[in-house]
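Multiple structures follow.
There are two complexes below, and they share subunit A, which is joined by subunit B in the first and by subunit C in the second.
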Partner chain A sequence: MDFYLGLLQIIGVHTILGLSAYVVMLTGQLSLAQAGFFAIGAYVAGMLTVLAGFHIVPAMLVGALLAGVMAFIVGFPALRVKGLMLVIATLAFGEFVRLFFFNFDYQISKGGISVGPLGGEGFRQIRFFPENGWTSLDVMLFVWAVVITVMAALWWMDRSRAGAVLRAVGEDELAAQSAGINLTVVKVAAMTAGGFIAGLGGAIYAHYTTHIEHLNFGVILATFAIAYPILGGLSNVFGTLVAVIFIQGVLVEGLRFMGDWRNLLFGALIVLAMNVRPRGLFDERVTALLKGLFTGRGHART
Partner chain B sequence: MLEVRGIVTSYGKIEALRGVDLSVEEGRITCLLGPNGAGKTTLMMTIAGILNPSRGSIGFDGVELVGLTPSRVVRQGIALVPENRLVFPDMNVRENLLAGAFLRLAGERAEVDRDLDRMFDRFPRLRERAEQNAGTLSGGEQQMLAVARALMARPRLLLMDEPSLGLAPLMVEEIFRIIRDLHRDGTSIFLVEQNAHMALQVAHRFFLLEQGRVTFDGTPGELAEDEVIQRAYLGSRANG
Partner chain C sequence: MLALKSLSKHFGGVRAVDGLDMEVGKGEIFGLIGPNGSGKSTTVNLICGVFPVTAGEIRFEDRDITRAAPHVCLAAGIARTFQNIRLFGHLSVWQNLWVAQNGMADRRTSGFLHRWFAGSGRARADVERLLEFAGLGGKAEELAANLSFGEQRRLELARALAAKPTMLLLDEPAAGMNMEEVAQLRERLMALRDDGKTILLVEHVMELVMGVTDRIAVLNFGQKIAEGTPEEIQNDPLVREAYLGAPQSAGDGHA
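And now, the complex of A and B:
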């Protein structure tokens, strides 16, 4: 049972991470900095609960806010470049954050034990959940409460004018500009929102694993972050969720019995999925089909 | 209303505009004619702030536009309907229009909704297709959408870059009817057009742009009488 609760926690946190990349991707930008923002949220929130005795919720919000502020600052110079150049720039930032935490020591003595981040050895004993008697089920429910809140917020945003503006920039910058859209404002806002959301995810991650180190936040995690919305499609937030379930639930866990063949098959299945569903697992057709099923009328547009 | 003085715009080393002077009067339809590669689109993009000129000035009711971002130019009251329409193909018609109201996001929800309704009244075809993706519209409908999207910013001057490009003759008639309607309702229009015959019927003033310079400036009457232009742009049907 705990295995499945743990899996649900992983899926939840990765969904938040994927959604952070989704927001940025709506404006047509590919950011490999999401793992960096995720790391900032993880370390800051962990330090607040462990060193300062914060409750998880305010610690999480502060961590996310700081990640958002960093994203805002990074957004201005980074979004002056496009496409591949942006990928490199954000990748560099992600590595910068990772290496910062590799070198970052801040320990205090608590009840005779030193606690806090310790460079390459990582940050152990982030024990807010066990210390406060949260069971795996409680943690899982908490994770999903946050996932649902983030998804609802993005769903609403997508349906409002803000969503139209983000997508407009993603579809055609020239047309968006001539419609009066301020590209810098929109892109930096999306980057900031993405940083905030990634920070939330990192904060939760730090607390359910209880131990974080710089290696958790490398290029692999950054790649996963953008793989989810790419694989899931940008039609709506559910695409990212479906992609996370597909990758984390089916590919990573479901293929464990394959042993060493798993990683090979993993890559092959992603390539296959992208070929069969080039516009994402959860593309417009699936959306229309589901809409038809739920409203009980009409057929899917094809 | 709009005063363009000595504008030079280059792509790298190549000067596409080599000192353009022209003016657009309020309440008029002004038309820019010229062969391919003359710099018409470059001029439109320069006025809209998308391209930065290396020299010259553009005054709009006394405000200098050179150096402003495209977003600020729209805020001054100039909206561009870009060449080839450039609607957002994967967004539906309603979302396309809302994107055009970017500058009015805060606190104007009711008014934006009212404007949206007015656009749908003006372009009933768009109302029918409000929830349809813009990429699935016909060329003419996309052009209407591009015009409506520009109007959502409530411009005083509308720049239109070849609105009739690639449209069926009936649709071209329709677009020009819309141009006349907009003008009657008080919008000043600066139009790039290759279809000189249609332009002659609506525009009050013409400029001819050739190789980055204005080489003719006059009324429709003067344009129709100019022999060189007759041969180059109006063909043998000039008086027919």
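And now, the complex of A and C:
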């Protein structure tokens, strides 16, 4: 039972991470910095609960806010470049964050033992949940409450003019500009929102694993973050959720007997998906088809 | 209304636009014609801030917009269409307009939350009216990419209008259209002029240009070689030469 609760927590956190990349990807940008924002949320929230005695909720919000602020600051210079150059720039930022935490020591003594981040040793004993008597079920429910909140917010944003504007920028930047859209504002806003959401995910992650280190936040995690919306498509937020369930639930957990060969399969899957379904598993056609199915009207547009 | 003062754009050694002076009056339909590569599209792109200007000045309603970015030009009241259609293909027809409605008029009258996060309710009435005008009634929910070529051209015009501009820059709106569609476009342009819009029309289709414009400027090699009413332009020897070659070999061609 605990295995499945743990799996649900992983799926929840990775969904949040994937959605953080989804927002940025709507504007046509590919960001490999999401693992960095995730790390900021994880370390900041962990330090707040462990060192300053915060409750998880305010700690999570502060961590996410700081990640959002970093994304805002990084967004301005990074979004001046496009395509492959942006991938490299955001990758560099992600590594910068990781190496920062590799070198970051800040320990205080609490009840005779030292707690806090300790460079390469990592940040141990982030024990807010066990100390406050949360069961695995409580933690899982908390994770999914956050997941559902983020998904609902993005669902609503998608249906407002902001969603249409983000997608317009992703489709054709010059046309969007000519329709009166300030590209810098829109892209930096998407980046900031993405940083905030990634920070939320990181904060929760730090608390259910109770031990984080810089290696958790490397390129692999950044790749996972963009793989979910690429695989799930950008039609709506559920594509990302389905992709996470598939990758984390089926590929990573189901194929555990294959050991590290799974990563090879993961890479192959991304390449395959980009070729066979360039707009994701859930592109406009499939979405319309499903919509028709659920509303009982069969007139799916193609 | 729109004034270009010795406007120049050089791409390396190529003088795409070279010392262009032009003035479009309020409420006018002003034609901009010239052979391929004469600098018409470049001029449109300079006005809209797509390319940085090499030299010269652009003024719109007594405001200097020489260095304004495209979205700033739109906010000032200039909307455009593209020679090669640029729609948001994976958005629905009405969403294409919705995006552009965030232009100038709304910006002044409504708050941040309303502009970005309100649902589509109030915007929808405006959209329906524009789609009706563009002959796209009933197509609101289609994906823009699934429209026919002619419909896409009309949607682009509707999207430009959605921002409630005072001036329209139309870059070859009749390209690829049949005679019937050109006639419809002509009627739409007349209706827009009656509505008080100023229009700069870049066009190769002479039936449209000669039938609808008040004045015409002719470009060749980035320079203005003639300006006047449609009749004056049709009888201008320099214009005939630019289009048809030197007089002795041209015969009795119509420009």
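The rule is simple: the second predicted complex is superposed on the first by the 280 of 302 C-alpha atoms of A that agree within 3 Å, B and C clash if a C-alpha of one lies under 4 Å from a C-alpha of the other, contacts with A are read in each partner's own complex, and residues count from 1 in each chain.
Here is the rule we go by: a residue touches a chain if its C-beta (ideal position, glycine included) is under 8 Å from a C-beta of that chain, and two chains touch if they have at least 3 such contacts.
Note that the coordinates shown come from a computational prediction; the quantities given were computed from them, not determined experimentally.
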Clash or fit, subunit B versus subunit C on superposed subunit A: clash
Touched partner set for A:180, first subunit B, second subunit C, both or neither: both
First (subunit B), second (subunit C), both or neither touched by A:114: neither
Which superposed partner A:157 touches (first subunit B, second subunit C, both, neither): second
First (subunit B), second (subunit C), both or neither touched by A:263: neither
Which of subunit B and subunit C A:223 touches, first, second, both or neither: neither
Common ground on subunit A, meaning residues reached by subunit C in one complex and by subunit B in the other: 161-162, 164-165, 167-168, 171-172, 174-183
Contacting residues of subunit A [partner subunit C, same complex]: 156-157, 159-162, 164-165, 167-168, 171-172, 174-183, 279, 284, 301-302
Parts of subunit B lying in touch with subunit A, wherever the complex brings them together: 48-50, 69-71, 74-75, 79-82, 86-91, 95-96, 98-103, 105, 112, 149-150, 152-153
In the complex with subunit B, residue positions of subunit A that touch it: 161-165, 167-168, 171-172, 174-185
Partner subunit A, residues of subunit C touching it in the complex: 48, 50, 69-71, 74-75, 79-80, 82, 86-91, 95-96, 98-104, 115-120, 123, 141-143, 146, 159, 162-163
